[in-house]
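Several structures are given next for inspection.
Next come two complexes built around chain A: one with chain B, the other with chain C.
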Partner chain A sequence: MNLLKRYILPRLIQYFIVIFIGITIVFLAPRFIPLDPVISVINRITAYGAQYMDPEALEKLTETLKELYGLKGSIFEQYIKFWKRLFRGDFGPSLTIFPTPVISIIKNSLPWTAGLLIIAALLSWSIGNILGGLAGYFSNKKWAKVLSVIAMVIYPIPYYIMALILIILFAYVFPIFPIVGGYSIGINPSFSFIFSLIKHAFLPALALVIVGIGWWFLSMRSLTSTITSEDYVVYAETMGIPKNKVLFQYVMKNSMLPQITNLALQIGGIFSGSLVTEYVFSYPGIGQVLYMAINNGDFNLLMGIVTFSILGIATAALLIDLLYPLFDPRVRYR
Partner chain B sequence: MKNNNKLLVVSDLTKVFIIGGRFLGVKLVAVNRESFDMEEEKPEIFTIAGESGCGKTTLARMILGIIEPTSGKIFYKGKDITKIQSKEDRLDFMREVQPIFQNPFETFNPLKRVESYLIETAINFGAVKNRSEAFDRIEEVLQLVGLSIKEVEKRYPHELSGGQLQRVSIARALITNPSLLVADEPVSMVDASIKMSVVNLFKDLKEKYGVSVIYITHDLATAYYISDRIAIMYRGNIVELGPVEKVMLNPLHPYTKLLIEAVPEPDPDLKWKEEIKLSAMEAKEFAKLGCKFSERCLEAKERCHEITPEKIFVDDRWVMCHKYK
Partner chain C sequence: MFVILKDLFKYDKRFAFGFSVILILLFLSILSFFSPYNPVLWSLVPKNLPPSLKHILGTNSMGQDIFWNITHAIKNSILLGSLTAVISITIGTFVGLVAGYRGGSVDRALMSINDSFIVLPSLPILILLSTMLKERLTIAVIAVILSLFSWPWGGRQVRAIVLSLREREFTYTAFFSGMGTLKTVLKEHLPFVIPWVMANFINTILWAIGMETTLAIFGLSSLETPTIGTTIYWANQYQALLRGIWWWILTPVIIAVFLFLSLYLLSVSISEFLDPRTRLQRMRMEEVST
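Let's look at the complex of A and B:
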């Protein structure tokens, strides 16, 4: 009970405040830019052929669009309405793909990105941290130095270059993997569909994992080498504790703490997509949708994606806050 | 030097650190060809004192086998510990020589329960057969340091006070019935009120249980109170080594004099008598020719700057100064 009151409750309150403020900003920002989405739609419609419109019809169209976009009434009324719609999961229709509701566009594209990025993040996190931890602890060993040099070479390579190299190598020179798309067209959901899915996701994931490992490796190695020189590690060694036990329970466990936070934040940030990956590999994810929305001034779609992004990051931060006491006893009951 | 009946013999021990790169780095001689020994039959508290950076911690860590000496030998009960290869021999050595570190908050892993240190030590060194026996032994050693198992059970390091932790640390060292404790500034991080109880504990251990202690400190008051012999270190050299009464009450080496004069008197009307010349170039002093103290020494003569003084046996003690030749 005490734990709930002193630890969980303040964090839950903080969580809702963050979301509230974030979404309010999402609501306000487009309304303060000197761009009227309604007018831009009408401009587009006229540009696509309807040279002349009856003023009455135009008036009606404007009203309907305003209703659809939630731009009717004073800003306060709009705000109330905005929240009401949000609770129903309604972000209005997309502008670029006109009558399709924003929510269904997000529903279609988010699983692609989330699947790809979460798997890539988890893989690169675990491999990078284990290797980095070993290299930091055994920093005098030759293999540790070789690994460090490799990581230092890989890490600064821009992601798109890595992606292009992989495409050229494994899709063009050795055509093992497909170049574009999320899955082959015309396959029924079955075992072969899953296989096709993995095949398509392999190269983008590989590029993400390679670059990710470089970063996790380097950060973990520096964390570990600091902790290895801490008194309690030296002390544990004089206690006759076996070396592998010292490595895992004294060195790695302690250097892992900041890395857990970083992983959670990275996974929380997935909702805004990974544009470059999706663009280079023509992967049908939310990054591409976001790019399209920005290009076309699709406010509803933008608001929808940003709202999800806020929810994602805030939830990840909340989860890590709630789970942290399990990893670090110093945070308990504080 | 005979190694029979000696608990610990340190001979010509040297440690050189290279700071800043393998090729362009500066050589820093942290411990410079030092020797001393301790008797096995007669347990004693041997103090190594000196200002920070004088090499006392390096010396202690070499004795504990944490860092490897550059040259020189350390014999423990006649065995050269720098040559220990097998795991069993190393465990045997660690069982008998136990460390106590300076900062209790850094000694314990913040993610581990304090009692796990006690249990692991008991089981790792084969002091007990099973867990229940381990608990009996732990209760026993905790009582020695004035704690009980209830106070530490299921606690994490941050839930105990510095004094409690330091006493747990001493209790842990006692589990294996060691013959030598190496205590590196064990009281510098604990409150003044606990200081005396920890220091008294060392005295008790020596008198009742025959445990020898290497007590490393910069606190001359506690050193005088508990030690039998004292070694004053300066820039990697032991400049004066002898019985504590002689060295403290009648210091011969100018550096020892300076150290003892720097101890404040508990009288507000008394001022520090002399101006103390501080060293501005510590790293340079390590590499200096001649007597390393000569820059700060008030009695320095020309030869002090050029010739490294030898150790001379005067009035029951070894002094490293040209003055007594």
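Let's look at the complex of A and C:
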């Protein structure tokens, strides 16, 4: 009960604040920006051939678009309506793939992104933390120094540049992996399908994992090197407890905890990275759909994707936060 | 100040590397003022020439000299980054100061807004904003949009520093000797905050340039202004990689890697220099190892 009140409740409140702020930004963005999405769609239509339009038809079109975008009525009414539609999961039809509803397009591409994101985040988190912990504990060893330099060079490179470097390397220098798509066309679900899936996901995941490892490695190393000089670690070492045991049960266990909170904070950034990586490798996830939406001026699809990413990332961060008491007994019993 | 720089340069290899690379890049960006070509115009030189003596880094498919173009790109990217950093640090420092000094419910409200902006996925929202503004994007507008998501990290840091400063002896001394709150903040506390702000400044530049590059590949930047991002965008639009015009795509990628690396090393070395705990630790470790 105490845990619920002291730990879980504030997090739930924070979760709703995040969603409220995010959705409000999404709502306000098209309304406070001088460019009208309705006019830009009409401009687009007239640009594609239909030079002359009946004024009456134009009027009707404007009305329909306003209705479709939820731009009717006072701003307060619009806001209420916006939330109502959100609860129903109704983002209207996509304009590029008319009349497929936006929600079903997102449903199709979401598993790809979620799969890539979860695998990349877990892999980079665990590899980065283990390596970082080792390098922080044995910080005087040569290999630890070499690893630190490598991580330091990799970490500041943005996901996009990393993906591009991988493409240059694997498309020209070593053409082993396919550089586009999610799986080879014409393969039935079987072992070869799974193999093809892994082969296609390998490079995008690699780009995400490499950059991710850099960040987790560096933060874990600095955490570990602070904890290594704590009294209880020095005491354990003086008692003659084996180094492995000290490392894993005294040092790593404690430095792992802030990293769980960090994962909750970083998940949004990793998601942004995976969007870009998907686009670069033409991986059939949300990033690819997002690019299509931008290029075609598909306002509904864009709004849908942005809203969904806010909900998804906020929920993921909440879940990670809620898992935290399982690892930290200090939060559980106080 | 100058002495500190000299010391850092001498004893920290990371600082030496970062600082020299940044100086070279700044020199290149200053060169852009002497550029013989206007970066906005096309077809000024023969197209698709590989690197030669006349065009050091070759020319691209739009008929521009890549070397002179990249000098403009570096200048604009650094400008964009600095502008974002100035805006977002002003907001962040202000929020951090208010939250730290006011405390209580003001602090809680400001910090939960702050944390929300950290958790929110920035890229999709930035894409939404810049798609809406597509036709009006300039360097300044992009900087304003980017600031929306870069202030909270600084805000959190400043608040943490203020919280620790507020309870120090000298604050009480100042208070009991009749110094006003504003004067205490400006005269006693700001000098502690400023160095952190500097490290944060570099980090924000780094983040902003990276984000602009990312937005640019989606075509959501000021496409006629050369930045590192738009240079890559145009190279991709013309399929430079597939057509074997490697000098076009490789130049911005290499410059980007060096820019990011050097900025990052600078910020690491400055913040490590500022943090007495890590300095002590390093000294202790050196004692152990020798």
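Quick note on the criterion: the second predicted complex is superposed on the first by the 260 of 334 C-alpha atoms of A that agree within 3 Å, B and C clash if a C-alpha of one lies under 4 Å from a C-alpha of the other, contacts with A are read in each partner's own complex, and residues count from 1 in each chain.
One rule holds in what follows: a residue touches a chain if its C-beta (ideal position, glycine included) is under 8 Å from a C-beta of that chain, and two chains touch if they have at least 3 such contacts.
Bear in mind the structure is a predicted one, so any value in this text is a computation, not a measurement.
Trainee: For A:Tyr155, using the defined touch cut-off, is the partner it touches chain B, chain C, both, or neither? Pick first, second, both or neither.
Mentor: In the superposition, A:Tyr155 touches chain C alone.
Trainee: First (chain B), second (chain C), both or neither: which does A:Ala114 touch?
Mentor: After superposing on A, A:Ala114 lies clear of both chain B and chain C.
Trainee: On the A-aligned overlay, A:Leu206 touches which partner chain: chain B = first, chain C = second, or both, or neither?
Mentor: So A:Leu206 meets neither chain B nor chain C here.
Trainee: Between chain B (first) and chain C (second), which does A:Tyr235 come into contact with in this model arrangement: first, second, both, or neither?
Mentor: After superposition on chain A, A:Tyr235 lies in contact with chain B alone.
Trainee: Give one of first, second, both or neither to describe whether A:Ser309 is in contact with chain B, with chain C, with both, or with none.
Mentor: A:Ser309: touches chain C, not chain B.
Trainee: Just chain B (first), just chain C (second), both, or neither: which does A:Leu322 touch?
Mentor: neither
Trainee: Counting touched residues of chain A, say whether chain B or chain C comes out ahead.
Mentor: C
Trainee: Once the shared chain is lined up, is A:Gln249 touching chain B (first), chain C (second), both, or neither of them?
Mentor: So A:Gln249 only meets chain B here.
Trainee: Thinking of the overlay built on chain A, is A:Gly22 touched by chain B (first), by chain C (second), by both, or by neither?
Mentor: In the superposition, A:Gly22 touches chain C alone.
Trainee: Once the two structures are fitted together, what part of chain A is touched by chain B and by chain C alike?
Mentor: On chain A, the chain B and chain C contacts do not overlap at all.
Trainee: What part of chain C is in contact with chain A in the complex they form?
Mentor: It comes out as residues 14, 112-113, 115-125, 127-129, 131-136, 206, 210, 213-214, 217-220, 232, 241, 249-250, 253, 256-257, 260-261, 263-265, 268, 277-278, 281, 284-285, 288-289.
Trainee: Provide the residue numbers of chain B that touch chain A in the complex, in ascending order.
Mentor: Listed in rising order, the residues of chain B that touch chain A are 64-66, 90-91, 94-95, 98-99, 101-103, 106-112, 117, 120-121, 124-125, 156, 158, 172.
Trainee: If we count contacts the way the header does, which residues on chain A are in touch with chain C in the complex?
Mentor: Interface residues on chain A, with respect to chain C: 13-14, 17-18, 21-22, 25-26, 29-30, 33-35, 37, 139-140, 152-153, 155-161, 164-165, 167-168, 171, 222, 225-226, 229, 264-265, 267-269, 271-272, 275-276, 279-280, 290-291, 294-295, 297, 302-303, 305-306, 309-310, 313-314, 317.
Trainee: If you look only at chain A, which of its residues touch chain B in the complex?
Mentor: 230-232, 234-241, 249-250, 253-254, 327-330
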